[in-house]
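The structure appears right after this line, and notes come after that.
When the chains are written out, they are named A, B, C and D in that same order, and each has its own residue count from 1.
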Amino acid sequence: MATFADDHRYAMPAHFGGEPGGMYPLHYRDTVSATVWYETDGEQLAQLLPPGFTLDAPQIMVSAVMNRGVEWMAGEAYNILSVNVPATYRGAQDTLSGWYCLVVWENNAIPILPGREGTGIPKIYGEIEDFRFDADTMRTWAHLSGHTFCQLHLTGIVDAEERRRAEIDDAFSTMQWMAWRYIPRTGPTGGAELSQATVFPQEFVSTRVRFAHNTIEWSVPPLWQNPTQHHIISALATLPVGKPSGPAVIMDAENILRGDLARVLR
Amino acid sequence: MATFADDHRYAMPAHFGGEPGGMYPLHYRDTVSATVWYETDGEQLAQLLPPGFTLDAPQIMVSAVMNRGVEWMAGEAYNILSVNVPATYRGAQDTLSGWYCLVVWENNAIPILPGREGTGIPKIYGEIEDFRFDADTMRTWAHLSGHTFCQLHLTGIVDAEERRRAEIDDAFSTMQWMAWRYIPRTGPTGGAELSQATVFPQEFVSTRVRFAHNTIEWSVPPLWQNPTQHHIISALATLPVGKPSGPAVIMDAENILRGDLARVLR
Amino acid sequence: MATFADDHRYAMPAHFGGEPGGMYPLHYRDTVSATVWYETDGEQLAQLLPPGFTLDAPQIMVSAVMNRGVEWMAGEAYNILSVNVPATYRGAQDTLSGWYCLVVWENNAIPILPGREGTGIPKIYGEIEDFRFDADTMRTWAHLSGHTFCQLHLTGIVDAEERRRAEIDDAFSTMQWMAWRYIPRTGPTGGAELSQATVFPQEFVSTRVRFAHNTIEWSVPPLWQNPTQHHIISALATLPVGKPSGPAVIMDAENILRGDLARVLR
Amino acid sequence: MATFADDHRYAMPAHFGGEPGGMYPLHYRDTVSATVWYETDGEQLAQLLPPGFTLDAPQIMVSAVMNRGVEWMAGEAYNILSVNVPATYRGAQDTLSGWYCLVVWENNAIPILPGREGTGIPKIYGEIEDFRFDADTMRTWAHLSGHTFCQLHLTGIVDAEERRRAEIDDAFSTMQWMAWRYIPRTGPTGGAELSQATVFPQEFVSTRVRFAHNTIEWSVPPLWQNPTQHHIISALATLPVGKPSGPAVIMDAENILRGDLARVLR
């Protein structure tokens, strides 16, 4: 008979056995990210935050990342596009400020599963294109079956001067990445089996920082083009894209995902 | 603020809103499946069943399916390879015989997520090739990044005579597909937040039934080739492939996934 | 030493050896095609025809095909989208009416190579989506890296009555598919090593014929999105999409590509 | 009417127009290659060389390359695996020593076409995996639809000391990449329309050079797994893999493909 030890970690299919211990730090040895920030309508944005969260600024951060040298995947690479907002969680026990994650598209199903089930990060599938560097520009975009819904255009890329690089390194040294884990009840009633705030801290150790001008474009595909994500893209595209809150940042870094520090917020 | 109604269904990211009601029947209008059964070592196989389940026969059923015309995905297609064993669940309230699902590989992340989170079906990602029909043979296989781990070879394909088709139709009219939903605790301790038996009934309405001889081959990739699924494939490949428990069945069918009848077994 | 026999067929890399004989009939056992016809500006369209060809009607035929059971590929499947015009070739020796092929997108490189090199069919790479059948509609579309450039929408699909099916079968029984083979000179001068008209006859034996209403949409991606095909899509999108020259046809068929009858037109 | 100017370059479909001039230098801004050399049976290897070529050493060079920042593809990336032998061409006019290309697999159809048609480089389609760097090892492999046929394992990766890096840089500064362009006659007779030796010079400007131990493994898939490339892989796998002719080289470089210097050898 398959049994499930209380001090081991398992993932479905759990009956094939687990490993001693729970979550642990994941090393992503060689990542390059392109991050942009823009202002939006705070009232509208606040509608998306679940109970316990309040908005710290009417701002959206979108980050595309090429993850390479992923240790737990034997060096495999995958790309993501995450959408986050500055927020504070205030619960019975915890008060924590950081970035609340609205959604993450990832182009590989394997890291999507533990991210969702273990830490509540709302990862869904999307094709995120490898960055196209061409002279001092870079472009990347996200699509599903050929229907592009988000494009990032970076122009005038330049290396960061020393002082500003230090500021960026400091800002990214620890990111409190917060989310909402929701596991539905099985069957026809609706409702939740689990519904709770979580945090999954991320650390970035940069080897290079560059700045760039940027444009971001959201496009809403008709329902038939993306029936399972249409409501998500619609909501994001409805949020006004205001002026950038500073230059885009291209960062080469090692990323450490602190599974050991992940927890449910109370 | 985003709120979560107790009579609506949501999936992460849940803060973008849900739909009234819970799970409902999903129509897969145009599927073709290739199913094989083989005998194996019952003692070894029983080690994989979680608490409450007992083995009904020392047998494994492997089914490859091309799902097309998937209604909730606007007609998109995807392929799966499922591995199941005949078993009975006996709980405090429920006694149910059917097929316990050891693992399902699917070549599309979108249906993987609700299957795991909502019903506990242990779906994981794999490339399942479109069926290669060539004269009276058919082949399909499953791989990850080029490393094939399961191959199905069907030969001597012939249409079923009327009487035997009726038997097959009857056997597939309702399949009690059982699984174990396991959601881990967040953080370094290990252990489960949810750990429970489930059932997700499936119905097949055939339009054509064919029989064939069959061979199945499991191959275990070295750890570096498939670090996240190695223990699963190893365990399956260790189970002896005994003689087929009858011919392979190729069935063209509409498949109805009875989300409305899915439930946690008690 | 590798040698090249004058009565064998080879493909690069040719030094690994060839097979006796030249081109031969290729059987595509199980295809489903969706074909639409529309009127356009004849003067503009005639600009695209090379020497020797004249336009028979100011009309464009676009055909999306799911090729399955492809014999020479051991049953593998691939999808194509072809754009053709009714034309007549008049050369020193040959006079032939049929369909001149403007371009074919295919989602698999393997059949692209012999099609181009051996018969001059101007195949290029594109993602052609598996048909999405949903109730009485069908959609398919073509893209490159997420940038869709052509969409086909079919609605009100109904089976053809007997008489009209016979007409369609007759029209498709033999299609004189003509093209222009162009192989460049190597190096900095420009110009051609080979530049000639060809024909590659196709035969369709239907098992089912359906009719539908249809819409076709061309979209021109910005140059950076599709630098190598931009001029092709631009030219096609510039041709007015006039009224359909009849209903769309969905045909299930065996397709025989008559390599044995392919030849250079003189 | 579409016309074809003798001082322009065109690619099929040529009727959509060409560009002034012929082939020109292509800049690949950011490539990383892993190259291994091994000894083999010279007599057997010589059987693969077409008329005019003689073997300079009983040696095979296999090179996997991740091409990124490809200028003519707007910065898109693609991967290749090439197999080459040291050879000299002696024709009526030309005598040239360099590397004769036996075959190149590429994971993108777009660069395959001009490489074959314009310069005779025998490119064919294959999935070449992004390099998996993990600590001081690197792996990559080539497959088709999940059937792996070549694997490269590099271990003990270390940066090259200055003197040896200079040697490598010198060896790669210009590579005379030779091939055989073969375009078949159309129709059932067999034989060639074009059959000729070519050269396509390549230049590498390195930014980093590393050395490693290496293993290479060829595996021959059964015919049904790879019907169009089986004879190629079989021939390569039959050539003994002798001892490495030195360490593997991992090179980060800009690669310039000298289309302007490509020519037919006479």
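Going forward, contacts are C-beta pairs under 8 Å (C-beta built on N, C-alpha and C of every residue); 3 or more make two chains touch, one makes a residue touch a chain.
Because the structure is a prediction, the values reported are computed rather than measured.
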{"item": "Chains touching both subunit B and subunit C, listed by label", "value": "A, D"}
{"item": "Any chain that touches subunit C and subunit A", "value": "B, D"}
{"item": "Equivalent interface positions on subunit C and subunit D, same or different at half", "value": "same"}
{"item": "Label of the chain whose CA centroid is most distant from the centroid of subunit D", "value": "B"}
{"item": "Gap in Å, rounded to a whole number, between the CA centres of subunit D and subunit C", "value": "30"}
{"item": "Subunit A and subunit D, separation of their C-alpha mean positions in angstrom", "value": "39"}
{"item": "Centre-to-centre distance between subunit D and subunit B (centres being mean Cα positions), rounded to whole Å", "value": "42"}
{"item": "Numbers and ranges of subunit C residues touching at least 2 other chains", "value": "74, 76, 132, 134, 139, 145, 224"}
{"item": "Chain contact topology (line, ring, star, complete or other)", "value": "complete"}
{"item": "Interface residues, subunit B side, partner subunit A - complex", "value": "1-18, 20-24, 46-51, 72-74, 76, 101-103, 108-110, 112-113, 116-120, 122-125, 145, 180-195, 198, 223-225, 227-228, 231-232, 235, 259-264"}
{"item": "Touch list for subunit A against partner subunit D, complex", "value": "29-30, 68-69, 71, 74-77, 130-134, 138-139"}
{"item": "Interfacial residue positions of subunit D with respect to subunit B in the complex", "value": "127, 129, 132, 134, 139, 141-143, 145-148, 224"}
